[in-house]
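Across the two complexes that follow, chain A remains constant while its partner is chain B and subsequently chain C.
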Partner chain A sequence: MRNQRIIPAVLILAGICIAQTPDGNALLKKIDENMIARNKIITSRMIIHGRRGSRTIESRSWIQGAEKSFTEYLAPAREKGTKMLKLEDQLWTYTPSADRSIRISGHMLRQSVMGSDLSYEDMMEDPKLENLYDAAVVGEDTCLGRSCWVMELQAKVVDVAYHSRKIWIDKTRYNVLKEERYAKSGKLLKTTVISETMQVEGRWFAKRAVFKDVLNQGKGTEFILESLELDADIPDYIFSKAALRK
Partner chain B sequence: MIRFLIKGLFRDRHRSLFPVITVTVGVTITVVLHCWITGVMGDFIDFNARFTTGHVKVVTRAYAENLEQRPIDLALLDTKAIVDSLKEQWPGYDWVQRIGFGGILDAPDSLGETRAQGPAMGFGIDLLSPETDEIGRMGIRDGLASGKLPERPGDILISDQFAHHLGVGPGDRVTLLTSTMYGAMAMQNFTIAGTVNFGIELMDRGAMIADLSDMQATLDMQDAAGEILGIAKNHRYQETVLAQMSDAFNKQWTDPEDEFSAVMLPLYEQNNLKSLIEYTSGMIGLMIFVFVLAMCVVLWNAGLIGGLRRYGEIGVRLAIGENKGHLYRAMILESVAIGICGTIAGTAIGLGLSWLLQTYGINVGDVMKNATMMIPDTFRADITPPAYFIGFIPGLFATVVGTSLSGIGIYRRQTASLFKELEA
Partner chain C sequence: MLAFKLAVKNLAGAGLRTWLNAFVLSLAYVVIVWHSGLLEGWNRMARHDMIEWDIGGGEIWFEKYDPYDPFSYQDAHAPVPENWTREVQQGRMTPVLLTTASFYPEGRIQSVLIKGIDPAQSVLKLPADSMRTDEEIVPVMIGKRMADSNHLKKGDYITIRWRDRHGTFDAAEVKIAHIFKANVPTIDNGQIWMPIEQLRQWLKMPGEATYLVLGQNEKPASAEGWTYQGHDRLLAEMDKMIRQKSVGGMILYTLMLLLAMLAIFDTQVFSIFRRQKEIGTQMALGMTRTQVIGLFTIEGAMHGVLAAVMAAVYGIPLLSLQAVRGLKMPEGMDDYGVAVAEKIFPVYSAGLIAGTVVLVMLTTTIVSYWPSRKIAKMKPTDAIRGKLQ
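Up next, the complex of A and B:
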């Protein structure tokens, strides 16, 4: 008689728990919806803390969906005028000193961008996580004083830079607050820690973050989002190779 | 008596010709082998010193920990002051700055778009200053396949194989895409002055040589260099001297608290060369020892055979009353004369052959075509002072010992039974 009462109670409790833990892939979709806008214009600063000291690089990027982006470096003087164009899976770079635009391919994609802890491969990766990974919620945690879901992402495509990721997602804002990226061997390669967020047109973005290439002996790269304009009008010529030389 | 014995040797060819030829051949082989092995080892060390390691190399402590990666972000700063100090302290060495870098070399089409590109293994060396000897030191002039040597800033040399891969030649413009010392992207246009056959597969696949000043500007390395190499002007590898130099420099310059302070590394502490040199030296010593031992046995046997062959002659000389001790001493003196003659002849021939090997060398380029390590394509013998006397060990010593042992038989001969033996 007692068992007949306990078993339904346990089943109801388990059902409540399952109902409260969201589906990982559904969460990924919400993260992508928060992150990816039709158009974005971003002005940012990167403070690269190397073994020999720190350097600050300022840039302005024009981004269209997940496929196209154009970045122009504004400072320091040596990097001023350097531009990068990403069109789907191709990346070109231009520097005024050589007055040439060169496609970056092969092992160069694994090189660091401007000495930072980010690689060209990181820039090239499809920002839509749901296209690359299967996700599962594995726990809960608190980051930046916010309640988070902890998710494990496993690659579902072959040509992906990181085989798995662990991300901490704000339960209500659906923005990433912390991230660890792993190789196929399980070795930790890169970490990202968000220290400040900002809201633009109802969406939440990282305003300050520290990227760290764990294999690099530097002290990480600080990323500061100076301004973000969503759904701005971006002329089509921006995403052409001709724009690199303008 | 010695004159009498030598006359006897000359007049009786059976007593002298075969033993002298045997000793001469043995000593010749010993001398040539010694010079060849010494030369090959010396070439290997000298080649490494000129191309990559120097006899000593000055880098930062952090760079030293990743030496094989040649990390330019950990390069030495204020190199001019360091080089000036090194030149003053050790004038017997050439002190040269070098920068090793990697990147992509991109060849454009007529519209400036990428036509071909490939990974480049780059060397920034002093090509243009009036006092430089780097072109000779790297053997670039001999390997020039087309075009000319760099004459002005912006000129580079690339490997001939790499030039064919990119479809470029002398006079063509190419762009180097690389990272500066601080990690920023660097793109620089260069003109190909010439193409080079390095004779080293690793370099022939994709080497690029640019002037040091050009690379310092491209890589944001003003008054900086990846490495400062110290190369002995006499090309001699002297391990104890290098150890003393390194100790003295490191006491003066190295700060254990500062990973960017300068540290001097002797050749044998780089690229696992210490164990390689020790192993090779050990093997060389063992090979020469075994060979000299074998030659000793051969010449000892020759002495024994000579003694046996002259069994009858010795018997007659004993029968007519010659003293056993006198006879024994005479035989030893004869072997000394044969040993000296054979050794002098063998050493002279050996040195002659070694000189030919030293002058012309043997090209092993085809054999080492797929080698991935830096190995010279021509090996040469090296005539060092020990080559003048090493032949005396098998040539004189072994012959005399052989005769001494075989001569002991003289004392066992019984005068009473001599005629019976002779009749038999």
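Up next, the complex of A and C:
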């Protein structure tokens, strides 16, 4: 008689729990909505921790949606004036010392950006996660003192760089607080750990993060967002090859 | 005959001067033969090793493959044409699939070229059968240069990260099953060899290859999209380098010959100046100017003959010894990108020796004749009196 009361109670409780766990793909959509703006102007610092010390690279980026971006490096003096233009799946770089623009393609896309733990391909990837992955919420955790959903992402398209990912999402702000990227074999390849967030116009972004190539010994690459301007007016000429030489 | 006898007599009379000239000239003989023989030995050895270890009887490339353009690698693969299946099964040609990847020796990221080859192949001398193992972990083999530059040894485990045909990252640990030692850097530097079936599985390219290596004298039927590359093309880089080295050697020969010729020229000028009375007497006794010029020319050219004899006396034992023992090449010669053995055994052909003798004799004769022309302008009466002309 007692069991007859407990079983329905447990079932109801489980039902409530399931109902509270959001749909993974719906969550992905919210993450994308939080991350991707019509236009963004970002000023950032990248601290690359290498074997022989650390280097800090400052840059300013103009980003339009998920397809177009233009980055100009501001410091150090050696990199100053270097520019990078991404138009859909094509990438060009301009080096002032050589006064030449070259298209980064094929094998070169796999190389590291300025010696960091990020490759050009990482930068080229479609930032809209819902276009690339099917997601499932697999648990809860706490990151940066915030309550998070832990989600597992499985590629739904074949031409994606990372077959699976695991991400920690702030339950209410929908920004990623931690990420692990895996090879097809299940081997962990890269991690991103956010240590500080910032709010801009109601959205939450990573202010300070560490990217790390797990297979490589080293402390990784630190990324610091200095300023972020959303939906700013960006003239069209910025996203042209002519802008690289200006 | 008279001119020859007189020439020998005069040369013997000149004493040390003759021997010094002959010695300098003999050095030219020996250096030319030695250097040319060394290059020929290197050429033969490099061709032999390249054929045995790398290119076999020729290669058939997929049309998009360009070994000098790493960007071409990601698209340079296609299924092995069906009309070659029998040759492949019979071991008369072997497919090779390649891709670029990263590996992490001592925690550092390094780019690497992964080449898949059949462990059962016998077309190349590569010890691919060392990758036949029952272990679950993927066995690979690397060359000694690659092992040394990355501090790797047999039995080490390394992580490789690659992308499949769709661009998706994958990674696995592999075990170094064998480290081979070959004189051919093109199969060694920055390369990892692994079983082709495993690589095809990793890259999702079943039955595909980038190029096929042919056995000796194999001439398979042509297939669309695949191009035959013969030894001429595959060894072109090496031939070019040997040619460049030969040009460098020519400068050395020219310098050596110039020194010798300068000495002979000076000797001739000095002789003609000092022996004016003798020239006048010869003319007075009935010798024509041409005969006198001939006498001095033969005398000068005899230096070449003496030098050849002298070169044979010390050169033959010296060069023979080196042909047997070889010449140890300095470390780092591999960086040139062509096959260089630890020791090179010079090859001295009869043609090389005969060619060198003809070259030196001809040059010596010309140099001897040149100052002798002055005799033609001499007046016999003034010459007898020893009057300067």
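Brief remarks on what is shown
The definition used in the following text is that the second predicted complex is superposed on the first by the 238 of 246 C-alpha atoms of A that agree within 3 Å, B and C clash if a C-alpha of one lies under 4 Å from a C-alpha of the other, contacts with A are read in each partner's own complex, and residues count from 1 in each chain.
The rule we apply is simple: a contact is a pair of C-beta atoms (placed from the backbone, for glycine too) under 8 Å apart; a residue touches a chain by one contact, two chains touch by 3 or more.
This structure is a prediction, so every number in the text was calculated from the model and none was measured.
Aligning the two structures on chain A places chain B and chain C in clashing positions. Contacts of A:I102 after superposition: chain B is touched, whereas chain C is not reached.
Of the two partner chains, chain C is the only one that A:S185 touches; chain B does not reach it. When the two structures are aligned on the shared chain, A:V193 is found in touch with neither chain B nor chain C. In the superposed model, A:L244 lies in contact with neither chain B nor chain C. Of the two partner chains, neither chain B nor chain C is touched by A:L28. By the touch criterion stated above, A:H163 is placed in contact with chain C alone, chain B being left untouched.
Of the two partner chains, chain B is the only one that A:R52 touches; chain C does not reach it.
With chain A as the common frame, the single stretch of chain C that clashes into chain B is 148-156; none of the other options in 22-30, 148-156, 256-264 or 364-372 do.
Common to the chain B-facing and chain C-facing surfaces of chain A are residues 51, 105-108, 112. For chain C in complex with chain A, the touching residues are 70-71, 73-74, 100, 102, 104, 106-109, 159, 161, 163-164, 166-172.
Chain contact summary for the complex, chain A toward chain B: residues 48, 50-52, 55, 57, 78-79, 82, 93, 95, 97-108, 111-116. Those residues of chain A whose C-beta lies close enough to touch chain C in the complex are 51, 105-108, 110, 112, 155, 158-163, 181, 183-185, 187, 189, 213, 215-218. Residues 62, 73-74, 104, 106, 108, 112-114, 117, 119, 175, 177, 179-180, 182-189, 220, 259-260 of chain B touch chain A in their complex.
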